[in-house]
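In the two complexes below, chain A is the common chain; its partner is chain B in one and chain C in the other.
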Partner chain A sequence: MTVLLALDGLRVEFPSRRGDVVAAKNITLELNAGEILGVVGESGAGKSTIGNAAMGLLERPGRVAGGTVTLEGRRIDNLPPEAMRQLRGARIAMIFQDPLTSLDPLRTIAEQLVTTIRTHLPVGEAEARRRALHLMEQVGIPDPAVRIDHYPHQFSGGMRQRVVIALALCAEPQVIIADEPTTALDVSIQAQILDLLRRLVKDSGAGMIIITHDMGVIAEVADRVAVMYRGDVVETGPTAKILGDPDHAYTRSLISAVPRPDVKLERFPLVEHIESAGPRRDLDLKTHWLGQRRDYQEVDGPLLAVEGLQMLFRTGSLFGGGRHEVRAVDGVSFDIRKGETFGLVGESGSGKSTIARLITGIYRPTGGAIRFAGTDLTTLRSRTALNRHRRQMQMIFQDPYSSVNPRMIVRDIVAEPIRFHKLAGSEAETRRIVADLLDHVGLGARAALKYPHEFSGGQRQRISIARALATRPRFLICDEPTSALDVSIQAQVLNLLKDLQDELGLTMLFISHDLPVIRQMCDRVAVMRRGQIMEIAETEALFERPQHEYTRHLLDLMPKMVKAGDERRTAAG
Partner chain B sequence: MSEVESAIDADLIGWRARLADNDLFHAFIHSPTAIVSTIVTLLICLGALFAPWVAPHDPFDLASVDLMDSLLPPPWMDGGSFSFLLGTDDQGRDVFSAILYGSRISILVGFLSVIFAAAIGVVVGLVAGYAGGLVDAILMRIADVQLSFPAILIALLIDGVLRGILPRGDYDQIAVYVLVLSIGLSFWVQYARTVRSSVMIERTKEYVQASQVIGLPTRTILFRHIMPNVLGPVLVIATIQLALAIITEATLSFLGVGVPPTSPSLGTLIRVGNDYLFSGEWWITIFPGLALVILVLAINLLGDWLRDALNPRLR
Partner chain C sequence: MLLFVLKRLAQSVLVMLVVALIAFALFRYVGDPVDSMVGQDTTLEQRADLRERLGLNDSFLVQYARFIGRAATGDFGQSYRLRQPVDELLAERFPATFELSLVSAVMALLIGVPMGVYTALNRRGLLSRGFMTLSLIGISLPTFLIGILLILVFGVVLRWLPTFGRGDVVQVGWWTSGLMTRSGLSSLIMPAITLAIFQMTLIVRLIRAEMLEVLRADYVKFARARGLKPRTINFSIALKNTLVPVMTIIGLQIGSIIAFAIITESVFQWPGMGLLFIQAIENVDIPVMAAYLMLIAFIFVVINLVVDVLYFVVDPRLRVQGR
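Take a look at the complex of A and B:
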């Protein structure tokens, strides 16, 4: 096997006035011809840094502080910028995460492909266009002769990523670095793109590095895997070995934290080597503040009943030009029983999040009823009546970086619902409750005086959970609460949600696009597509015996990493 | 609780460290432009604020003004005197002292009109950006109409109307506020537009939705949650518009619709001195003019630096 790209003892530093940040410590990796090397790690592990360093694209003020990068036997880390520029695209190419921003919106696909081809290869206009058409065919864009003259906005996300791949292939590079190539795409499209990458490497004999945080992607395409942790490669090996029988403790715990699609566990095994959360104390609801004055009327039957819910979004200008309607939610009905976790699953744009916002009153539905504890919320008009119900339902949001106000200290963020609903007698009591809540979600009382930017994503999600608990709700809506988090942090946050549910007897609506997470969290699940519910079933029944064709399709697309690991184990045994 | 209180103590001790750690402060002490322009602005502002103590003469105290001293040149020219550092005007008033007193009015008008404009603009921008739809369309069309009138035209209009209504003595007393009103009215649009577009971005963020889920009333969400997150650009505009407002005031006073000559601003001083420019007494108009240029330049440089420092994309 020929070694195409070799990193030897690579060290990358980002000097800052608070001291040098070492993004990659001592990286030694080899990429062979015809193989796909997966580089996997959590955020901040330095996986993107090594891709950028190999391309000579480190962001300022980052620099290679030690070691070498060798491309096809030639050292390239010390090349002058102009020589490196000529190599980029010609011998070594890159595919970025976001297909929306990596294409020029003002130029047609033909212009972009032809310019790129003619930059690297000595061919004429007509020949370049012929090659461009061939490339589009190669990456599976239907009807290339017509599509080539379209602009990027005329393509869907998946098709756009195919165009980006075609651009990377223009000069037949020997090494392709794909940095999270499918993270911005839906699962069904992700599967197609991974197939495509696999096939391209096989056909061309080039080598590819796929950088990802997603073990599922690794399982699908990689031949070998390098696991990164805090700037170091802790383990390298064949995919089946790494996924099935890893040597390093970090790899082992990381893999165990990935939600299993095949069996429901009581709690996630926790990952070692990660930011520690403070210890949680068990609490006794009879004496604890969270248990006091839960003056809700008890209900027989479902806590929440949604009937024929409908939401139309109208777009268009003030003067009525270009109006059209989007049916985001189209006649949805379901019940949520007291104390259960009800899951809503579907791809992006299926209307899951809109339902959450309709139930909490952020949007007003255009039709249907939302009965909470027997009262139809859509008929309530007065603010006080609505607020009495709102206090009983709270929501945890997806993006930990925007769901807390960056200009407020944590105490004020968590205390806001307590102060507004006058749930505490005095300011001193409010502060005591906040300190207690923060302690309870594993942040510690000292967090009260800090600002959100001093916390990591997972810790911010805990702030968000503490705020949601502050109204003493009995119904909690979790809208993709962990999709922006690393798997190890996801495991912690999901465990926390399960603990809280057990202690407080919460009823939950859990929204996610991630089937394994749904399986771990939910009692019953509704599968959504284009604003409608396809199927509602008990979780186990849904995963074992899916009734609807679309459910089966989604289940087929789930990453098969555990299976790969099991096969390996049987082979070894 | 004791743990929380000790954390408060630790915070109080740590403010110096946090200031040193602050990015804006760091950018400031590493920018000579920012430091020099801040010092110049501060010197002029302090000189203006403490004019009664700093100025060598009181140019408006008729008892201390002597007509015999009129039209004296600065001390380095023939006939100049060191008791009048920048010469005297036709009334025998010390030009240096007049500049100090004049800057007072200029800076006062500048600050008040910027505050007035920012207050209107921020509120309009918040409401338009958050409400959207018809409210937004109406407010922004009003802003468009407003933008099609130059500040000077609005000032002349208000000035003309009020002069017609009020007796002369009364008008002189409120002249400063008329200036603030007219400059403020023509400057609010930029704040409104900037704030509106920031609000439209902030409004979709999840912390706003979280406040809605809690049940907070709209005005709490607007002023407690959204406003602090959109004030960064407002600070930059305010700094740059402070310079603009001072120039506009000077222009209006130069044209004779600003403050009366009995309590002159820099613009009034320049206008009065302008009559003597061709008869050789250039210092009466050139020095107030220079003071104006230096003040405006310093504030503008500060504003430019602030814009760059607060905009991470330019860093």
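Take a look at the complex of A and C:
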């Protein structure tokens, strides 16, 4: 086998005022022809740094401080910029994560392909266009002769990623580095793109490095895997070996933290080796404020009943032209029983988040009823009546970075709902409650005086959870609460949610696109597609005996990580 | 495309009607038009008669409609001060202001855009830092001070350039042009620079900030990863994307060059509309003020319309609504 790309003792440093940050230390990797090498690790592990260093695209002030990069037997890390530019795209190419932002919005696909081809190959305009058409065919874009003159915004996300791949392949590079190529895509599109990448590597004999945080993707496409942890490759080996029988303790705990699609566990196994969230100080809920005065009207039936819910969005303007309706939610009905976790699963655009917004009253539905504890929320008009109900339900959002106010200290963020609903007698009591809440979610009372930017994504999500608990709600809506987090942090946050539910008897609506997470978290699940519910079932029944065709389709697409060594995995936790 | 332009056109008409309402209110209700027109010794009957003849006793809507009708044909009545039709006064002064604005707008763009691009591409370069410091001075110095300094240096001390007026002009139909004579051109230099400096520094900073943003975009990174030539990346991709959002502001700035040439015109005694307007304010010459207001609004509306159409040409995302 020929070695296409070799990293030997590569060290990448980012000089900063507080000294050099070492993003990658002593990395030694080889990529062979016809092989897909997976590089996996959590955020900050240095995965992307390796790719950028190999391409000569390190962001300033980052620099290669040691070691070598060899491409097809030729050392390239010390090439002058112009020589390196000529290699980029011609011999070594890169695919980026987000297809929506990777393409120049102002030029047609044809222009972008032709410029790239003519940069690297001595061909004329007509020949370049012919090649461009061929490339589009190769990456599976239907009707290339017409589509080639379209602009990027006229393509869907999956199709744009195909265009990105076509652009990377323009000059038939021998090495392709794909940095999270499917992270921004839905599962069904992800499966297609991974298929495409595998086929391209097989047909061309090129080598590919896939950089990802997703063990499922690794299991699907990689021949070999390198596991990265804090700038270091801790383990390299064939995919089956790494996933089934890892040697390094970090790999073991990382794999065990991935939600299992095949069996439901009581709690997620926690990963050692990571920032831990400090010990939780449990409160005596019988006497504490958080457990008291939960004087909500008790109900016999379901806590929340949604009947024939409908939401139309109208686009277009008063002057007409391009006016149409979008049925985001189209006749949805379901019940959520007291104390259960109800899951909503579906691909992007299926209407999951819209339902969450309708229930909390961010949108007003165009039809149907939302009964919460027997009261139809859609008929409430007065602010006081609405506030009384809103106090009982709280929401946790997906993005931990934008869902807390960066200019407020954590104490004020968490105290805001208490102050708004006047739930505490005095400022001193409010402060005491906030301190207890922060303790309870594992942040520690001392976090109260800090600002959100001092916390990591997982810790910020804990702030959101503390804020949600601050109204003493009985109903919690979690909209993709962990999809922006690394698996190990995800495991911690999901465990915390489970603990809180047990202690406080919360009812939860849990929204996610991630089927394994749904299996671990939910009692019952509704599968959504294009604003409608396809199937509602007990979680275990849904995963074991899916009734609807679309459910089966989704389950088939779910990346299966485990191929061998199943017992070993359970033991690792 | 056509529908879009028609829609914008309809909105422009609406804007003009609102501005006309303000201009009309100014004309009709700031002071009594009859008092402004007649002398001290006019009798009450004559006044009432004049009032009737001018239609000032008609209902508000009728008077407004009549005002718009006249304005549409360029008839704004007589200047109280100069006893000449306002439209003739403006037509006489317009070429001076227009030539001054045009030259300084071109100057601001031709110098400002390349400087902005240069400072964005060579962010740490010594020259860039120099440009940025200069632009800070340019943006913070008031226009009249720059004008007076220029007059002092080039007019009084060095005696290279004339310090006031337009120089010799050539008559082309009703248009008077100073661009074709030596003295006209040399008179133009200092006012044009004075007027251009603020806009230019604004454009430099705007282009630089936007371009730095674009250079961080994923599609620029991806273009680098494909090994495209730096020239292609910087100009075909980055500059084009930079210009899309900057276009609106540059358009409005060109509008304000015309509208706010007032100070420059006063400093250099430039016989343009701005000077006329200042004199109109001093003498409460309401018809001139109303007409000036309408004209400036019209210029802004036209520039906005042109910018909107340009957007349509440059940005394909606007051409297809939805997918």
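Everything that follows uses one rule, which is that the second predicted complex is superposed on the first by the 554 of 573 C-alpha atoms of A that agree within 3 Å, B and C clash if a C-alpha of one lies under 4 Å from a C-alpha of the other, contacts with A are read in each partner's own complex, and residues count from 1 in each chain.
To be clear about the criterion, contacts are C-beta pairs under 8 Å (C-beta built on N, C-alpha and C of every residue); 3 or more make two chains touch, one makes a residue touch a chain.
Remember, predicted model here, so these are calculated numbers, not experimental data.
Q: Considering only the touch criterion stated at the top, classify A:391 as touching first (chain B), second (chain C), both, or neither.
A: The first partner, chain B, only.
Q: Thinking of the overlay built on chain A, is A:432 touched by chain B (first), by chain C (second), by both, or by neither?
A: In the superposition, A:432 contacts chain B only.
Q: If you stack the two complexes on chain A, which partner ends up touching A:116: first (chain B), second (chain C), both, or neither?
A: After superposition on chain A, A:116 lies in contact with chain C alone.
Q: Give one of first, second, both or neither to describe whether A:126 is in contact with chain B, with chain C, with both, or with none.
A: neither
Q: Taking the superposition as given, does A:404 touch the first partner, chain B, the second, chain C, both, or neither?
A: It touches chain B, and chain C stays clear.
Q: Which parts of chain A are in contact with chain B and also with chain C?
A: Residues common to the chain A contacts of chain C and of chain B do not exist here, since the sets are disjoint.
Q: Write out the stretch or stretches of chain A touching chain B in their complex.
A: Per the touch definition, chain A meets chain B at residues 17-18, 318, 357, 360-362, 383, 386-387, 390-391, 393-395, 397-399, 402-408, 416-417, 420-421, 431-432, 435, 445-446, 448-449, 464, 467, 471.
Q: For the complex, which residues does chain B have touching chain A?
A: Listed in rising order, the residues of chain B that touch chain A are 1, 3-4, 7-8, 11, 21, 26, 133-134, 137, 205-207, 209-217, 220, 225, 228-229.
Q: Quick one: which bits of chain A touch chain C in the complex? Just the residue numbers, please.
A: Against chain C, chain A makes touches at 55, 57, 85-90, 93-94, 96, 98, 101-108, 115-116, 119-120, 151, 153-154, 156, 164, 167-168, 170, 315-317, 319, 321-322, 324.
Q: Help me check something: in the complex, which residues belonging to chain C touch chain A?
A: 3, 7, 10, 217-219, 221-230, 232, 236-237, 240-241, 244, 314-317, 320-323
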